[in-house]
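Each of the next two complexes has chain A plus one more chain, namely chain B in the first and chain C in the second.
Moving on, here comes the complex of A and B:
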């Protein structure tokens, strides 16, 4: 039998293969992200709000909502033809299912970030700074994505079986996204403003702490959300 | 496989109400009953997908729902195909083989797809297959790990003559290798042809349970019609 990590990788690879072939959630999320960037751009008055003040908020609103599209889909594919029963009937630990789903969702969110960050930088004429700032921004994106995906994957599993699941997922997830989005937006603002990376270390540490807590708590909670 | 005073309730309603039976290796229990009798719930409890409210079920000495060790011994063919429409037949079965830790997943996948006469369509996405072919793939997925117990919920539904023959052959091979079967069906002829034991289930309980050898098919069919009519 595969160990937890082996099973999680199998499930993640399967989810990514399905998404790669159908591309439904990814295209929806990318189109949503780009449209949101354009709408925010045309609604923006540069004489009233500086780009460095607006861009971080735009970026994290986009990641939060476009990520939700992928999160909802991740368990949606399991409910068609009750494929989830096939996973639950397999001799793998329940938390391997969670970790596999979370890994695939992480790739999904990171792929959106790879497209959305340059688009925001382009529209708002934000210099991404030197290699150190870009590396710090990349680390921030990964840390924040881990937190969003950890919480979102758990709530996607909980909401998929409910009526109005597409409404339930944001209602459940968004309050828990707040502790991740605040440090992420604060750090993004500092990095895009060209401030030294050392100024953001405190926020990054908070993100690491949230990630550890959320990943551990959600992994432990997941089996209770899917067992009947 | 053994079930002892098995109960599964949803709120106050008992979908499975105090069932007891035992099956040795190679035996087959056919369960007949009308819609809503609790047959599918029974299979889901035996598959480890639902926790019993009371009583216990044991597979090869491991109590259910149990952990991975119990699930490794069970194959479940449900109403739903449990397949991913965007993946091919081969990918679906191979995924199951890998999750069940089958030593050579590719060879095992090829073997079961061949047994279900699906080799020519093995690399077709499931969404492009007919309902009957999806059922064959679903059966292959459930058998790829050579389970000790196979749970079948209306497995012949949607199969053509070739698919039904392939399924009967595959079930024969599994029984020959010592697997026990629990078959839920509305079709008395199909069920009695495979069964070593038969039960009629209404209201979550077995109202008849006996060895196949003690059954006269014609009288049994009459009794089934009467019991189903009374239950309705």
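Moving on, here comes the complex of A and C:
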């Protein structure tokens, strides 16, 4: 097991190093998120609905969509020069490849989130509250991101091999993001309204259960998607 | 990439059950029987089952909508089991079973959604509402339409079978989560009145028609599944003959 984890960390480091040196995917995802935040603002009548009421929904919709951009890249980058064959030839367990990719993707989506949350707070007049509510929000982000990345990494591995893979990924992933987005948006709204965390326990339980089930299921399923 | 050197797309035993299309009788007895059973159910439901006092004729949806929903769940359950079996045994027949069941399941999910909408208009006053069961059925539809589209987007037989098996299994794990989260979001759907712990609160006439509808719809499912499975088998046989 330490072997798997070590190999996974190595693969995650490789992916993050590529991303850190080029930064194209990250910057385009961030700009996409900012653009979407701005465009969403013009989609309704601001005199009828307060911007701060819509902020949680906007935040989570944008989070999922910009996350998809990063997920698509994670296996797209392996298609050039048949790099994936090298990765598959490496003497590491297949699970390690999945976990490594997933960890790199987790860092990627959380980094987008670190920029998107303040942007939504700024543009939508969203009150972030005190340190306690920010900490609860951060924990929620991580819980949601784990589920998102677990499913998304697996589907990204599948969709690079399909026709129109960049369309296939959102089509397959979005239904799986429903049990993430609903609890996350509901909890965010309650946290921002200054409600105690105990009110959202039911939602958080769903998120934790989703993470456990899908991290396990996707780790087991992944070797079947790259079998040769 | 990895599957360029394809295995025999028919799998190990497929050659024996792949009958040439021309060699098979064109008359599908099981299908005819199933259709007759459904027609008999409808005749009984329309002419020989009392009209419900509160909802009037709209309640007749009862003999179409819940049986369709049941068949949809049954179909997707079979997809999940066949998918699991495929990943385990790598038998292409299980892949064809999953494909066939998914396609029939999508048809019945569509019927469930449409009949529910027709009933919702007179009873709830709206064609659509974001009730928990409606929403989860809609997502059920999305998952398995996605499943069929994914199948269409992959050329290689082995890869198509593996990918769709993975999706078929994950989809069945997802359904409880979607249902739970939209249920907590809100619900106003009528609660089940047959499967509850106390005695079913339905007059005998209605109950019998209702159970008859479940049986005939299940029979229709089996017949459609069988016909679709044969199509998949024939298609695979033809492709093998063309040397693909």
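The criterion applied here is as follows: the second predicted complex is superposed on the first by the 222 of 228 C-alpha atoms of A that agree within 3 Å, B and C clash if a C-alpha of one lies under 4 Å from a C-alpha of the other, contacts with A are read in each partner's own complex, and residues count from 1 in each chain.
FYI, a residue touches a chain if its C-beta (ideal position, glycine included) is under 8 Å from a C-beta of that chain, and two chains touch if they have at least 3 such contacts.
What you see is a predicted model; the values in this text were computed from it and never measured.
Of the two partner chains, neither chain B nor chain C is touched by A:134. Of the two partner chains placed by superposition, only chain B is touched by A:7; chain C is not. Of the two partner chains placed by the overlay, neither chain B nor chain C lies in contact with A:38. If you count the residues of chain A touched by chain B and by chain C, you find the higher number for C. Shared-chain residue A:18: touches chain B; no touch with chain C.
In the superposition on chain A, A:122 contacts neither chain B nor chain C. In the superposition on chain A, A:87 contacts chain B only, with no contact to chain C. Once both structures are placed on chain A, chain A residues 82, 85, 88, 227-228 are touched by chain B and, in the other complex, by chain C.
On the side of chain A, the complex with chain C involves touching residues 79, 82, 84-85, 88, 151, 154, 158, 161-164, 168, 171-172, 174-176, 178-179, 182-183, 186, 202-203, 206, 209-210, 213-214, 217-218, 221, 224-228. If you check the complex, the residues on chain B that touch chain A are 47-51, 65, 67-72, 74, 76, 78, 80-87, 91, 95-96, 98-101, 125, 141. Of all the residues in chain C, the ones that touch chain A in their complex are 1-3, 5, 87, 139, 142-143, 146, 149-150, 153-155, 159, 162-163, 165-167, 169-170, 173-174, 177-178, 180-182, 184-185. Listing the residues of chain A that touch chain B in their complex gives 1-2, 7, 10, 14, 17-18, 21-22, 77, 80-83, 85-93, 227-228.
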